[in-house]
Each structure stands twice: as C-alpha cells, then as structure tokens.
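Structures incoming, each one as structure tokens.
Across the two complexes that follow, chain A remains constant while its partner is chain B and subsequently chain C.
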Partner chain A sequence: MASHRSATFSDQPYSDPNPLPSSVPHVEELGTTSAPLKSISFQLGSHCKAVNDDFMLCKAESRDPAKCLAEGRKVTRCATELINKMRESCLSEWDAHWQCLEKNNQHFQACRKLEKGLNDCAFSKLNLSKSIPGSPDGPQVHEKKSPIFTRVQK
Partner chain B sequence: MPVPFEALLPFALLTVCFGATGTLFSIAKRATNDGKVGYFFEEYEENQWELARRRNSMNLPPRYHIDSWETMMMERDRRLTGSLRGQSTNPTAPKEFATNSVWETERVH
Partner chain C sequence: MSHGFRQDMPPPGGYESIKYKRNLPIRGPGGVVIFGAVAAVCAFGFWRVGMGNLEKRELQREQAWSRIYLVPLILAEQDRDAYRRNQAALAREKEIMKDVPGWEVGKSAYNTKRYTPSTIVVL
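Let's look at the complex of A and B:
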C-alpha cells in the first residue's frame, strides 16, 4: 500500500516514569511474587472471594482499566491483609511449600506433603481451607491417597 | 582369548565425548550467578544485550511449558525482585514497582 511506513523499534524498553494522579487513592501494591502466591492461591480465593468476584464481574463489563480501579484497590487490600496474617502465623510451612514449588516448575502435584502441612496450618490458625471449585464427588485431588497424576519420576 | 579392545575404542570415545559435554555444561550452569542479584532496578539504563547476559540462572531447575500467564507472572517477579526467578513474600512492593512496567512501543514520528 502506498501509505506503508517501516517500523522503528527502540533498543531501550519504554517505561513511563509518571506516577498515578493524586486523585487516585494510594494503596501499597502487593510485593509477593508468583510462587508464594500460587502456594496460597486457594486460601486467597476463599478469604477474598467477595472482593475478587466483584472485580471479575466489573472486568467482565468493561476492559477499561480506569473503570475497575476501586474494586482493584479492595482486592489489593484484602490480599495484603491475608499475606500479613500468613506471615505471622504460618510462615515456615508457607516458605517450605513455595520453595518446593519453585524447584518443580510450580506444579502442585510435586509438593503434596508440604501442601498438606500448609493447609493444616492455615485451617487451624486462620480457618481457611482449600477446596477446588468444580471438583467431582469424592475426595479432592489434593487429598487423594493414591492420585493418578503425580510428579515425574526423578 | 584377549578382549579386542580396538573394537571398543569408538564406544569409549563416544562415552568420553558425552561425559565431557555433560560436565562442561553443568559447570557452565553452576558458574552463572548463584541466585544473588547484585543490583536492583538499574536495568533500564543498560543495553538489552547486557541485560540478557546478566540474567542469572539460579541453582534451580529451569521453568518449562511457560504459557503467557507464566510469562506475565515472571515479568512481574522481575519487576519486584530484579530477576525472573526471584521470589519474595513481602506484603508491600518496592517503590519502583509503581513505575517500572515496560510498555511495548514503537516510535511513530
């Protein structure tokens, strides 16, 4: 086409140094990374179910980031609260589990023993249990005595 | 009857070659950074080639079957900790996290 222009790519990545406008209330962003988050994902899901559902429904209405900022702030605050509670009550079990996940490509099936310790601690101290929505009848896959899918043979 | 060792030399050669490759490969993996990140958030001053060279491989098995969700989470981990495999349980992010997200852009003018 006559209006074609060639692409010009920069060798430096672009990041916008401007902070959010001051009209947006400030919330401390969550500093937890992927493995610890995956480790307590189901506890987060049950503790913050209401605010998470609100946010997802808001996103389903509109993908515009500006529309769901308030719900997003609530999600961040709820998650931060749960992370703080986990750190003070179950830190050693949580650390053991997410470090095991990191060594196993973040597969849950490789770390069931440590996951049991973490789930027991979270249930006794924080009253949060892990249950997978949409599971068929019978024991949940993380509670099965002899599951079909386990870790690869080392 | 004595063992015909000349006939077995090629097998020994192959074994030595495989062994040497494996040893050198694991030395190279171990020699790269032990998971310690010597710097935080200075990465945007540097050339992308420098950045790629310094990307540290910790003494962890590599991630595989990485889909776009995992890529996004690993990029977030890099913004939080400086390394694609760095992990932390801090409840609050460092200050730089608010503005260090990378946008894929193209200069138009």
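Let's look at the complex of A and C:
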C-alpha cells in the first residue's frame, strides 16, 4: 500500500464548499470571462473610478482580505451595474468586439473596427469614453487612421 | 620601274584602329541612382521601424491600462473567496482543537500586526 499518497485527487482543483459567513452581505459574482471584461475595461475604469480607487487605497493600507470586503462589494456591484447597462444599450457591439478579441489572442490592435463601434455606442448612450492615461498628444493608439500593427493574418 | 613584284601596301584609307578598348554599352541607372535608391529604401524602412516602435509602446500602454482597470474587480472577488476559505479553515481548527486548553484559534505564527497570509493550506 502506498501510504504516502494524499487522500485527495490532485488532478482536480480543490474547492471548499463552505459558504461565506452570513455576517457578510451577499453579492453576486460577475461570472464574466476575460474577453468581455477586457473589451469594456476602459469603460469600466471610467465608470467605476471612484469605488475602484477607494478599494485599491484600502488594499494599500492592508492586504488582509477581511479588511476591504465592503469596498470590494461596491466594486463588484458597480461592475455588475455597468455590465447590465452595456447589455441593455450596446449588446450587439459588445458581443461583436469581445468575440473578435477571443479569436485574435485578445489583441486590441486586431479588432479596431469593432472596437470603434463599441466605443461610439458607449460614448453616445452611456457617456463613457476610452482614453489611455499617459499617452502622448495626438490621436491615441486606438484612434489611429492607418496603424502599423493590425491583425497578423489578414 | 618594274621589279616583278608588287609591294603589299595598307588598304586605301589605312588600317582601322586596333580594338583594344572594351565595348560595354552603359545600360540601366547609374551608380549614384542605385546607391540613392538603396539609401531611400533603407531610410523608409528605418522610419517605419521607428514609427512601429512608437506604436508598439502605445499598444503596451493600452494593454497595461486595460489590465490595471480590471485589477480591483478581480482582487475583490479573490478576497471574498480567500476570506470564505479562511473562515472555514478557522471553524475546522476550532472544532479539531476544542479539547486542547489554551489553544488560540487562528493565531499567527508571527509576532506582527502586519497581515501575513497563511503559508499552509489544509485540505
């Protein structure tokens, strides 16, 4: 008998079934995958700037997960709110863009046309614009008319 | 004045000159033009590489900020999960060590107020 083997299956991820203590208010997790999140990351950054900054300042004070649960809930609620708004007003543009990202290794430069549709929709309906902090003057990289880096395979 | 032979003489008008010069007609563009064209192509290429480097830097900036904007979201979710697992582990520890007098549940091994994440995960 190989007694040194652990009693758990190491090929399966360990999941703790215990729920959160009832003292912590419930918040629905996003469940959104990486491509849709990356697609609206700049809109998210401008929409939830206040709560995000608050949360990150709290995390800078203490890395303890128990300390910033309230701020973290606000962050998640704000993101849920934005996702619902985007689904209401720009669902088709968002879908098109994140599916393009999914097919192109999540490279922004491969999906500029669809990204423009999404950005225009988010700006006109939700008043959220994409702007990259620290960029030099002139058109930002996502606004370039003839970029050098596009899709690898046309 | 007949000598019975005829002196061999050059053809009238004289011999044609000896062809010692090489006869290579000049074709195509001159050396200066080719050199200039190569220099121009190289210059365009280097300019394009330079512009590409600038654009690549901006693409990296875009990528970095897109990730920075998603950090709070993911960190908040992770924190909730870590807190949930930690509370469950503490409850288990309390149940297991209930018969040991003077046992402090969840006491850190370090003498500090700083948050020290657990290095041991009990499965």
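Just so we're on the same page, the second predicted complex is superposed on the first by the 139 of 154 C-alpha atoms of A that agree within 3 Å, B and C clash if a C-alpha of one lies under 4 Å from a C-alpha of the other, contacts with A are read in each partner's own complex, and residues count from 1 in each chain.
As a convention for this text, a contact is a pair of C-beta atoms (placed from the backbone, for glycine too) under 8 Å apart; a residue touches a chain by one contact, two chains touch by 3 or more.
Bear in mind the structure is a predicted one, so any value in this text is a computation, not a measurement.
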Chain C versus chain B on the shared chain A, clash or fit after superposition: fit
First (chain B), second (chain C), both or neither touched by A:K59: second
Touching partner for A:L44 - first (chain B), second (chain C), both, neither: second
Which of chain B and chain C A:L30 touches, first, second, both or neither: both
Partner chain(s) touched by A:P133 [first = chain B, second = chain C, both, neither]: second
Which superposed partner A:S146 touches (first chain B, second chain C, both, neither): neither
Chain C versus chain B, contacts on chain A by residue: C
Partner chain in contact with A:P13 - chain B first, chain C second, else both or neither: first
First, second, both or neither for A:S22, with chain B first and chain C second: neither
First, second, both or neither for A:Q109, with chain B first and chain C second: second
Least Cα gap, in Å, left between chain B and chain C after the two complexes are fitted on chain A: 5
Footprint overlap on chain A, where chain B in one structure and chain C in the other make contact: 8, 14, 16, 18-20, 29-30
Chain A to chain B touching residues, read off their complex: 7-20, 28-36, 80, 83-84, 86-87, 91, 94-95, 98, 102-106
Residues on chain B engaged by chain A in the complex (per definition of touch): 44, 47-48, 60-61, 63-65, 70, 73-74, 76-77, 80-81, 85-94, 97-108
For the chain C and chain A complex, residues of the former touching the latter: 48, 51-52, 55-56, 58-59, 61-63, 65-73, 75-80, 82-88, 91, 115, 117, 121, 123
Interfacial residue positions of chain A with respect to chain C in the complex: 6, 8, 14, 16, 18-21, 24, 27, 29-30, 37-38, 41-42, 44-45, 48, 51-52, 55-56, 59, 62-69, 71-73, 75-76, 79, 108-109, 132-136, 140-142, 144, 147-149
